[in-house]
Structures are given as structure tokens and as C-alpha cells.
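What follows is a single structure, written as C-alpha cells, with notes after it.
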């Protein structure tokens, strides 16, 4: 699997796709969706789809794809190789959500949570398959969240498709297993070959599984904590594991939308604008009242100083 | 600082003072002192079509370069030794100079309504208000 | 996720980011280095920070200050996110209050005896600003006796000088993209770039407001009269407060006391001869009162005694 496109800029989201098998444009197809790397505090989350003609389901089964989680890394590589060899009837596409995309989305002003983020990635991939002329009929989705709601959402979004959302779908439907293998292989590669944008010299790559409870991951997070910047973009800042470590060991940073600070700032701002609104009426002539600064300066946040 | 105390600015080194990159961040960082700015920040900065992007502590920032107004120079002043009493004169020295700065917004694309951009128009207007009046 | 974070005080601030006029800091041509001094702010009557430039001119310090900012400076963090502007200031603005105060005695006086302030010893250095002495005739009458110069405050000259300042500022504003039109401004207010609505009076009032940052409240009002700008007659300006008032059932009260300026400063000590500016002022004030009476209840006048 060539992740070159993602590695060129691993701060953004990236889509990688296989060639579309000719047969998928003419025959009714099934499509599986699965994700890899949802839980880890490190590295990207990868959404994968795999699709093949409904008529080829048995042949896919013969490849002996199984849930990626039950396989070793080598087995996954091997199976991805097999899927690649079956490219005459199996296609795939991946959406790699960089850890920076995850952090900045989840932490942005209008919070974009991980569920919406993953749903949108899945929807984007299905739409990609449709747009590419894949004759989709059945869609099978693995989910960790409530299946009914997600199924309803997808069915509404794609009225022509028969959507099945099921927990553990990756062990029930081979096409989902295939998707999970593609996603997991991409995630493994991305983490292993992570190209740090930051200028950190030789980074210790022994970060373990990336799961917060993995001692290796924990040790790595402690080792690479910077008191000002926190972490390189490889780390998901929106994970409580990272937040907790930073709260304890890094400089406090205040943003205007921090809960407490934001409220205070809003109150202060309201106060200020109310004051300036009525100032003319409320004692502009009163010598004892404080001098009212002209709006040229207030609009530009310019203040006189009384000391350096 | 009492009203009688004077703060002298040591300019002697200005000629040789190093030019420094300065970034105005859209957050308050409770820290004064060294930081690996070039390693963590500058190295990860991206510059596309006049808009810069970077992230800090997992938040997406969008930035823009601003030049100092014509006839103006950016300085960073540093206090040499804080005097014991507020009656004494103080001394600051020019520790670095700059002719442009980069300011960063949280998520919003930089635009001419940003307060710092508006504030940059102050020196020009000040010259008009305070320039000598003809007889 | 957002944990409550407490602000700790910034106690170790020893560095400042500044944008300074080159003339203030040019040590190539001058020997003396620039220095920050505290002087009496003519508008607020309290201490403000100024700079005596290496060119022996006066500069003021204004800070761009907004919550939630810090600096990266090279390989350091500076928590204080302010940006200080050091821009020229006309020293006459700062000399003016001293001159006006001594002018009450009506005598010509030596300037070094006028510009004295126990609270702000640095004020004597205002007289060493090269521009000060050369431009004093804008605000004072001069007399030379035995090689020594004596000065007496002139309201008429001052008004003309301030008017010229306003006009200069109007010209500069028109060239700039500063939005001078009236309106409620807030942090979220989106300014309209093309300020096509702005009329001559908007510019004049805006410029007057800017100049008023450097003079006393009384002088600001007198200048308004001299510019023949009635107080609070612009409907745009009165609209928001008056609208708001109409909504409330409470009895209306005067927003501003127009009688105070007259009674406090002129009525008490009526000048023997009224200057042109004062005449205009008196006239304008009356119309101002008329306008106000039509706006608010007449009760106001008696209440303010």
C-alpha cells in the first residue's frame, strides 16, 4: 500500500483509492465499511470501504478475510496482498483522518465530534463509490455506536441502497472484514512511517499500540511532552489522555472560547459595549467620570499606558 | 514606577541586533521564556496563497504577515536589571528587531477587519493629528 | 473536555513588543538614547507613558491590548500579548493645560515657570522638545522683554490651532479607510468598507473626537462650538439612547448637562471681553439647550443646579 500522498502532508485528511474493477461498474455490488484507529491517542484514524459484485461474495470468502483485529500485522499484510491480487473484482478506498484533523475538528469553536467526523468520512466514501460508477446495492457497516440511528442516517442519505449497520459487522460480513483489513493496514503503515513535520530529530518510534492504556504509549507521551507546544501533530490533543498530561505538565494556555474564560470574556465584552453605548448619555459631561476613549481607539483595542 | 522614574532605552546595539520572527498568537500562554518555536511551530507552518496555517495545542490557526508601517520599526525591549525601588531609573535594551510580524487567528481567515490590522493604521493617523500645523 | 483553567498573575514580565517611529529611536544622528517618561495626560489629567525620542521630540505610547494573546519571539514565549505603538505627539497638547492654568491670572509669564509640576518632574523636558518653542505662538501670545520670552495663553489662537488640527485630521481620514460613520460598534460588528454614507459632518465630528483625546473636556466642548458643530444634534448620534429611553417608563433625565460648562467656567468668572470662540460657544450652547429641551423634560435645568 502506497501512502505517499498522505505522507506528503500528514496534517490533513487524505483519500487513497484502488482502481475500480470494470465488473463493479456493470454488476450489482456490495460494499463494506470499517474503521481503524478510533481509540488510539496517536496517529490517524482510517476509514475504509471495500466493494465487489454481489455475485463474487463466495470468491471473497475464499480469500479467508477475517476481522482485522483477530489477525497479526503480518497476516493483515498478507490478506491485503490477496485483496490486491483480486483487483479484477475487488476495489477499495480509504479516508485517512490525520491526527491533526481529528484534534482541530474536535477542538474547534463549533465542536465537531468524533462520531460526526467518522459518519461524514463513511458517507464521503460511499458517495465516492457511487460517483465512480460502482453499481452499489448493499452496504454493510461496522459500528461501535448505536446501530439503529446510524443505519437510519445512512438509509436516508442513500435511499437507493440497502444499508445494514451492525456491531461486529467485521466478523459477520467478509466485505466488511476486507474493508477493515484495508483500513488497518493503512493505519499500521501511517503510524510506523510517521513523517514528523516538526523538527524533532530522531524520534523514538517505540510508541506501542497508541492506545492510552499501553505502557509504551504512556512512556512515549511523557517523553515527548513539550512544556509550550505540548506534542507534535502526531498526537490527538483532543484525547483526554493528552489533555490530562498537558494540564499537569505543560504551560496553561487560555483561549477565548475556554469555558470559564469565555464566559468571563463575554461578560466583560458585553459590559464594555453597553458602557460605550450609553456613555454619551450617561455622563459625558461629568468631569469626575472617567474619560471616554474615542471609538477609533476602542475599536482598535488601543489603550494609553501609565507605566511600562 | 513612580512618576519621576525614567526608563532609558539602550539603543547602542540596534544596528547589530538580530532580526527575529515574531508571531502574535490567539491565546494566552502562561509562560515567559525559552520555547522550541522553530522546531514545533515554524517547521509545521504551511504557506498557501497568502494564507498561513498551523496548529497549536490541537487548535487550527490561520495567519497572515503584517508589515510595520512605513517609517516604523519593530523592537523587542527587555529590562536589564529591575531596580529595587520604584524611584530609581530603569533601563531596557533592544533585544531584537523586526519589520514584519505574523498574527494568527483561531480558525477565522485573516482579514482587514481583524483588530490588529486596524491597529496598524494608528501611526499614519497619529502623524496627521500630531504633525505641525501651518501658520 | 474543557477543564476550568485558572489565570495566574503574570509577575515576571520583563519584555515588551514595540512598533516605534524610526525618528524616535534613531541613534545614528543623535547622541542621547530615547527614554520613557511619565507626564500628565492632558485629556485624563492623570499619568500616561510618553517617550522622549533620541531626536528630542515627544512620542506617546499606546498599547494594542486584547484578551487572549501572547507572542512567540524567536525561540521564546512572551506571555504579555500587547503590542506597543510609539508615535509622535504634539508637545503643545501637553503644554496647553499648564498654560491655561496660569493664563487665568492674565499675565505674561516665563514658560519655565509655567510648565512646572511636582507630580511630574519630567514635564520641564517638554520645553526642550525642539518643536515646542517653535510652535508656541499657536496657543499663546508672545512678548519679548530684555531678550527673554514671556507667554500668555490665548484661547482664540488655541481654537484656531485646534481647528487646523481637526482639518488636517479630516484630510487624513478621508484618505484612510477608517470608518467614520456613526453607528453602534461592537466586537461582532462588521464594518462596511465603502463609507459612502459618511458626510462632511461625520468626518468633522470624528476628527474632533480624535483631537479631544489630547485636550480637556472643556476645551473639547469649546472646540465643538468653534467648529460650529452643535452638540447632540446629529439624529444618528442621539437615536440609540433616545430610542432606548422611550422604551422605559422611568422619567427621563438629561443625558448631558449642557449648563455646567457655562456656569462652572464662564458664568462664575465672566470674562471682560468675550473672544470670538467664546461668543460662538455661548451661541451654540443656547441652541444646544433648546434642542435638549425639546428632547427631554424641562425639569432637567433646575435639577442640575
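Note that the chains are named A, B and C in the order they appear, and that numbering of residues resets to 1 at the start of each chain.
Rule of thumb we're sticking to: a residue touches a chain if its C-beta (ideal position, glycine included) is under 8 Å from a C-beta of that chain, and two chains touch if they have at least 3 such contacts.
Being a predicted model, the structure only gives us computed values, none of them experimental.
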Chain with minimal offset from the mean of all protein Cα atoms: B
Identity of the chain that, by mean CA position, is farthest from subunit C: A
Distance between the centres, which are taken as Cα means, of subunit C and subunit B, whole angstrom: 26
Between subunit B and subunit A, distance of the C-alpha-averaged centres to the nearest whole Å: 35
Whole-Å separation of chain centres (CA-atom averages), subunit A against subunit C: 53
For subunit A, residues contacting two or more additional chains: 106-107, 228, 238, 251-252, 254-256, 296, 299-302, 307-308
Set of subunit C residues in contact with two or more other chains: 7-8, 16, 36, 38, 47, 60, 62, 64, 66-68, 77, 85, 178, 210
Of all residues in subunit B, the ones touching two or more other chains: 1, 7, 26-31, 35-36, 38, 41, 92, 115, 119, 121-122, 125
In the complex, subunit B residues that touch subunit A: 1, 7, 26-31, 35-36, 38-41, 43-44, 46, 55-60, 90, 92, 106-107, 115, 118-119, 121-122, 125
Subunit B partner contacts - residues on subunit A that touch it in the complex: 9, 11, 100, 103-104, 106-109, 197-200, 226-230, 232-233, 236-238, 242, 246, 251-257, 296, 299-302, 307-308
Contact footprint of subunit A on subunit C as seen in their complex: 1-8, 16, 36, 38, 41, 43-44, 46-49, 60-68, 77, 84-85, 178, 184-187, 206, 209-210, 212-213, 217, 232, 237, 240-241, 244-245, 255-258, 260-261
Subunit B residues touching subunit C - in the complex, by the definition given at the top: 1, 3-12, 14, 18, 20-38, 41, 68-69, 71-79, 82, 92, 94-96, 112-113, 115-116, 119, 121-135
Sites on subunit A touched by subunit C in the complex: 106-107, 228, 238, 240, 243, 247, 251-252, 254-256, 258-261, 265, 268-269, 273, 276-278, 280-287, 290-291, 293-308
